[in-house]
Every structure is written in structure tokens, then in C-alpha cells.
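Please see the structure below; I have some questions.
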Amino acid sequence: MYPLSENLFAPLNSWYVAAWSDEITAAPMERWLLEQPVVFYRRSNGTATALDGRCPHRHFPLAKGRVVEDNLQCGYHGLVFAPDGRCLRVPSQPFAPAACNIVAHPVVDDGTWVWIWPGDPARADLTLLPHTAVEGFRTAVRAYRRVCGRYMLLHDNLLDLSHLEYLHAGGIGSAGAAEVLEHRTQGEDWVKSEREQVDAPCPPHFQALFGYSGPVTRRFGMTCHVPALHVGYDEFAGPAGPLGRFRVCHAITPGRKGETHYFVAASRDFALDDKALTQGMNSALGKTLDEDVAATEAIEQMITSLREEPRDVLVRGDATCVTGRRLFESMIRRELQGR
Amino acid sequence: MYPLSENLFAPLNSWYVAAWSDEITAAPMERWLLEQPVVFYRRSNGTATALDGRCPHRHFPLAKGRVVEDNLQCGYHGLVFAPDGRCLRVPSQPFAPAACNIVAHPVVDDGTWVWIWPGDPARADLTLLPHTAVEGFRTAVRAYRRVCGRYMLLHDNLLDLSHLEYLHAGGIGSAGAAEVLEHRTQGEDWVKSEREQVDAPCPPHFQALFGYSGPVTRRFGMTCHVPALHVGYDEFAGPAGPLGRFRVCHAITPGRKGETHYFVAASRDFALDDKALTQGMNSALGKTLDEDVAATEAIEQMITSLREEPRDVLVRGDATCVTGRRLFESMIRRELQGR
Amino acid sequence: MYPLSENLFAPLNSWYVAAWSDEITAAPMERWLLEQPVVFYRRSNGTATALDGRCPHRHFPLAKGRVVEDNLQCGYHGLVFAPDGRCLRVPSQPFAPAACNIVAHPVVDDGTWVWIWPGDPARADLTLLPHTAVEGFRTAVRAYRRVCGRYMLLHDNLLDLSHLEYLHAGGIGSAGAAEVLEHRTQGEDWVKSEREQVDAPCPPHFQALFGYSGPVTRRFGMTCHVPALHVGYDEFAGPAGPLGRFRVCHAITPGRKGETHYFVAASRDFALDDKALTQGMNSALGKTLDEDVAATEAIEQMITSLREEPRDVLVRGDATCVTGRRLFESMIRRELQGR
């Protein structure tokens, strides 16, 4: 599916953000991830649990059931499932058949985010779990958006930061951002894009945060960790020295068909206890995301309204985007070939 | 279509409930039944009439027309149809061509329900009309729900009464209902499931109705008259003797694609004139149906959201359900083979 | 697609009404026409401009961009397009590739309506532009409706004026309108239907306009200029002489898939400055269009709800309608054959 090749959806054998850590409680919660229903709950010892969200008997949503002694009981005919997915009980018969077992998804709760491995549980690899914490930085604000659009459009958006000058004009972008040279580096499952703007106007949102409106040198970049996370940095200095440094994690997870979960956490390394600054960051982040989401949804509507799926015209500034798309395609194809 | 085999929809040469008797008045009313539009009106002599709901000329809904001397005139270009479906007049020409005739569906108004034969009118057979009245019982309450889901899910629901303990916990179900032995009998076009719970807790809704909260012996069962009706009984006795007996008719009729009409009438054989009791039954019936409809619609959404149509895992308690589904499939296949 | 043959949509190499003239301003506006997105804006010299509404780079709606010195800049990554569709600038590179050029649609602004040629710009032919102004008549009222239905249903509606007696009973129609003889004339790309009702009751809406309720002679007709416009006349006379003459232009333009734009302008040749009369016309036009739109949308819903696409039964009064449909089909087929 555009912008990937036809019939390619997304890698499944990877870690994706499923939820904020504090969303998972003792009460079952359904969330669709990678076009599958998943039910989450927290066991009495605090462990986050993720099971297939559909009872295999009659397809009733297990999130409408209840947790009984750390097991999940279906609310329709009473089948009981253990946190490891085994069916423990079928009320109408004396034993529980193995055919009733369901998938338990590997999950990792890092305190901020709950990560899920939606593919083959046997291949879940903790060494692949992204690290999002950095010394000296503290998460200041976070935001979630449910996006009515295919997930790759959000990746496309972050893979081409030249959009800051136009889509975020009057916000986090300023004139000239699209023209500066882009430095690109890449690895097997990541691609990084970096830019430096010297003696540039300070973008409006940052003027408000710094209380400074003079010229700045801005260094900013974004690393796309395929397939689920972008980590960006944004650093400002004025003639008198550094003004501040930010770090933003963008977690992108396909939800239901045509729907994407977008989780964002932004941190800074200065004035960590300044609440007014945090409020300002929160407001700036919200407005920026609203612009990104509106653009993504407008493109989704455009694509789906056209009689035929459109093809891109590629320009020089698309090199990082094209690299990123290729990494996604390679990862999906390797997975489909069983590797 | 799940839970039936692919491409099997529903029997057409059978009686289905189309409406409550008092819904049919002199004014035309459209209702989609078995994925066909039907227009109903009552003639001046009181006879309920059902015609194809679509004008054959330009597909205008005939229910937007008007009744003129017991005939129905289309509201678009004025074609007139007799209660037997013959086109009597085309305003722009002197005669009415036979090509403009429409189907008149056989209907039976039994005073409570209006039954329709949506298939071949020539095969309509009054001896097949279900009887829903029973001596000593009087209909106390009735309810209608428009269900956003395929009709077979409602049959599945009634074909497995073990759901009472879980879906209707705190209502008409109580602990242990799912475990008791099920007695099953069947015929060519029906299957009956019966259970007896001895010394069981009285379910909350019935405690309220009887003003009694001690242990009960409960005998309950359901007969599925394929393809359109379930008739259930529910009988309670305490240590001091009978508490009360109920009888519930569930009429299930496919509507538009993916939509089902669900008509329910409940009767009792005791305290027939007790209005408070009737109000209590009404409230209990409404809550129970809301739970059934919510479950049905949740399953429908689950099935249609999945990338592939799911397959059931069958357990022992599904024997009646499987029998019922087979009766539906046989009836549909016989009809497709012209028998 | 019904009522045309399968796979036939609409002629593209023709003039269609895109907007009211005063809708086009300096600010970009998106409108879907013939299932394509188009962005309109007015240049500083007042010229109406219509470009493909989709940026070829990432499919962002160009209407969300801004006009800079008569050029349109995409709001996502800043590509700039001239009014003739040439891409003038891609910010991330020093030159603009021809692959980024977009289509500029020929437009004509006649002061009332903006006409667009949605097909091949090289074939745009000003001599084919319909003339809608008539000496002695002045446009009194206009109305727009967004119709949720395929455009041909609106043509079908106007191609059979026998509907006045039934659909517009109590409004612009009166008894007998459907029975009078129809006179039909036709050309290569038009068909005209005319009727005369002698000594007929004055229809309610016109009673109100004329302040007269006696018998009338009414002459009325409609010319369908395939594929985008109907021009109708409606003339009334009483025993004491002429009561008034009306002229109504109906512009029908396919929008998004399954949606149609319907623009109507009505004029008269009497009491041109009578504001109360104009208000009366406005009210009568609005009610009439609401009836037409309700019928169209009811038929659209009927057709799309049926399991199979229905076929018409044709009657004598359909001769004009069948002629009109054939003209549409011929025009589309000629276009598909490259002629």
C-alpha cells in the first residue's frame, strides 16, 4: 500500500509502543495494534499483560470480560485464559482444550511506555528494544493523537524535515529551514537526517520558550528507528551561548485498518523544574502535532478519494524519505520470507 | 457468510416477523426485510398489505407515495399499484404494462405480529406459520431492537444458553447455569435445548419479580424454529412450590445488509393483572436485550475489523449451536436447489 | 454505472459549472469536480485560476497552501506552481523539475458562473461554452445543493417533467401535468421536451407568485445540453393575458465519487424589481429543489442498498429520458475512443 509497494503492510516482528505505562491498569483495556485486537491488563504483581483481544470461541472482545485471580475470563460464555494465553477453563466441559489457547504478546513496560512485540512471540528479542532515555534530559511533556491515516504517512512526514518551514511556519519552523544542506547517515534499520541553520530567525514557538527573539544557530535532526520510533534533537544557541536543547521521541504504531496511534514525548536538558516552560512546551508540542496530524489526514483523504492510487514525484529532498521507505520494505520482505 | 458457509445468506421461502401488528396503518411504511425493501399499509377493510418497496420504473421508494382507494401510488411519476402488485396506471400512457407489475408478499396478521413470506409467493404455505400463543399465558411485555449485525449472531446467542451465567450475570443469569447438563432434541426444522438447575441461587432480576431470594429450582429451555423464531420457557420453583413460569418469543428477521430486526414478546402465567410485575418484567427484558445486542454488535465489529474472517473453535457446549447452524444451511441449500 | 452502461462515468472534454463567480476569491478553495480535486483562486488582476488540487510531490491538498505573487505555494514542503501549472520552485533544490508541473484547467468566468473544462486542456473549445443569458430576463434567485447521489439521477429527473404533478404536488406541479402530450426535439448534443397545459389549475407556488388562482394555460419545457446544463422555461397565461414567464438554468456537475454539485439560477421577465416576488421565487425554488434532492438521494440509497443493480422498466413517458441517456453514452464513448 502506498507509499510502500502493493500488499506490503508493516513489520510485525519488532517492538512497537502500545500504550503509556499508566494506561495499563487492573481493568482490561482493548487496543487495536497492527490491525489486531489486543487486550491489556495489569496483574496483581504489577506486570503488564497483553493477550489476543478476541475470544477464539465466539470472537467476543475479551476486554469486555473480567480479571479473576490474574486470569482473564470472557464475558460471553466464561472461558478463562491465563496471562500466558493458555485456556484454563471452558465452563460447559470438564477440561480446557489446547485449541482454545490464545496468543500472549511479549510486552515490556519501561515506566513511560509499554512496548509490544505483535509478531511471533518466539522471536521476541529484548536486545532490539529501543532506548529512549538520555542522561541529562527529562521528559517534560507527552501527547497522544489517534490519526485517521495509514502509518507510513507519519513516517514520511518525519523523514523530511523540510516541512518545518512550511507546515509549521509561525510555530516551530522558520524561513530557510528547507534550503539548508541535509546530512544523512544510515544503518541496517535506521536512517538519520541532520541540518544546521546558522544565523537564522528564532522560530516563534522557541522565542516564547527562550524569551529571546534574536538570531540563532539551530542544529536539528531526526533518527528513524525502523519501524516504530523516531528520535529527534533540536538545539539552539544565540550569540551569548546555548539557549536550550530538546529531544523528542515519536512512536508510531498502526492501529485498526487505516488508523494510526501516535505517541510523542518531549524532553529538555535545561530549567528542568520550570513549570511555565513546561507549559509552553506542552502548548507548542500540541499545536505542532495538530498540524502534522491535519496534514497526514488531508493526504490520506486525498489518496483514498482519488480514482487511482497516485504516484509520487520524487525530488532531491526526498533522499532520506526514500531511504527510510526502502528500509521498511526490506524489513517487511525479509519477514515475509521467514527470515 | 460467517457463521454459515460462504455465500449462504438466509432461507427466503419461510415466514418471518415483519412488524408488530399495530405498526401497520393506513399510511405506507417502508421496512427492509431479507435485504429487500418492502412497503406496508393497511387497506380500508383492515387487511395488512406488503408490496415490493421499490417502484420498478425509477426505483423510487413506494413508501414515499400515497394510498388512493386501497391502491398505492408512487410519489415520483404517479404509477399506481393494486394490493396484489398489479400496475393499474402509468399516467403518461393509456394502459399499464404488465412489465410494471410488482411482487405482493403474502402476509399474515395474527394480531400481535405481522408475518411475511419474503420468497416465492406461490410457495407460501400457511401450515408452516409458527404458533406463538399458549393457553394460560398472556403476553405481558414486548420489545424491539434494531441490531447492527448479521442475523445469525442472534441465533448463535440463543442457541447457547450457557451465556446466561456470564453475559447476564447480575440479571437473568446466576452462577452454575453454564455447567448444568443440556438436553437436546431436534426435528427437521427445529432444535430444542433444555436445562435444569436444582437448588440454585435465584437470579437478581427474578428475585425482584418474585420478591423472593432463596434457592430455586429453575427449568429453562429454548426451541429454535428455523429460520425465524425462538420460543423459550423459564420456570422457577422454591421450597414452598412454584414461583412462576415465563415464555418468551424471539423473532429474528434480517433487515438491510448487516442489520437485523429483533422482536421479543414475553408472557407469564401468573398474576396476569399485576401491573408492577409487568413493569418489572419490562425492565428486566429491556436490560437483557441490551446486553444481548451489545454482545452481538461487539462480535460483528470484531469480525468485520479483522483482516480475515475468523474461524470458531468449537467446544462441547456448542453442540446445539452447531445443530442449529446445520439446519439453517440445509434449508438454504434446499432452497437454492429449487426444492 | 446505472443508469448508464457499466464503466461509463461522464464526459470530461466539456464545460461544466465549477462554482458561482463570487465563490472564487484570492484565497485558495478546493472543490472536487468529476472526481478530481481542483484548487481555485483569483489572481491580482481578477482572473479565475484552476489548478490540479493535489501537490504531485506528496499529495497534499494545494488549497491548504497560500498564494504568493499570483503563484500557489504548497503548504507542506513549499513547492511553488504558476497559474499555468508550471512548477517554479522546489525549496530543497536549485531548480524545479518539469515532472513537478501540474494541470491548469481552462476556466471561463461569465460573471455568474465559473465554467471549467476538466478534460484535456488542449481540446478546450470556447465555442462549446453554453450561453445562459437571455434578453429581457434577469436572474432573480439562485441556489446550490450538494447531492449525495450519482449525477445522472439529476439528469433523469429533469428529463422527465411528468414528475411535476407528483413529486411537486402542492408546489410547482398541478393535476394533469403528467398526462399532456410531450413534444420532443433533439440535436447532436441536446434534447428538448415541451408541454402545454390548457385550462389547468394554477399550481400553488405560482398562485402565490401571481396573486391569482384561476385557470391557466401553462407552457413549459426543458432543454438538456449534454452533459452539464438544463435550461427550462415556464410560461403562464390567464384569461386576461400573460401572467409571467420564467427561465431556469440547472447546472449539474459530478463532484467526489457518489456526490453531485447542483447549481440553479432562476430568472423572470416581469416585475424585475419586485423584491417580494423575488423572495417568493426564492422560497418556491428552495422547496422544489429540496423535493428533487430528497427524491434523488432516496433513489441513490435504494440502488446502493439492493443486492444487485436494478434495471428500469421503461414506459412511453421515458422517450426523452432514454434519448438523453443515449446522448451521454455516445459522448462518453466517443471520448474514450479518442475522438
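Note that the chains take the letters A, B and C in the order they are written out, and that residue 1 is the start of every chain.
Everything below uses one rule, namely that a contact is a pair of C-beta atoms (placed from the backbone, for glycine too) under 8 Å apart; a residue touches a chain by one contact, two chains touch by 3 or more.
Values in this document were obtained by computation on a predicted structure and should not be read as measured data.
Mostly differing positions are employed by subunit A and subunit B in their mutual contact, as under half of the interface residue numbers are shared between these two copies. Rotation relating subunit B to subunit C, from a C-alpha superposition: 120°, rounded in steps of 5. Per-chain Cα centroids separate subunit B from subunit C by 46 Å.
Our note on geometry: subunit A versus subunit B, Cα centroid distance of 46 Å, whole angstroms. Annotation for subunit C: no residues touch two or more other chains. Chain contact summary for the complex, subunit C toward subunit B: residues 156, 160, 162-163, 165-167, 178-179, 182, 295, 298-299, 302-303, 305-307, 310, 312-313, 315-318. Of all residues in subunit A, those touching subunit B in their complex are 32, 35-37, 54, 56-61, 64, 73-78, 90-93, 97, 99-100, 256-257.
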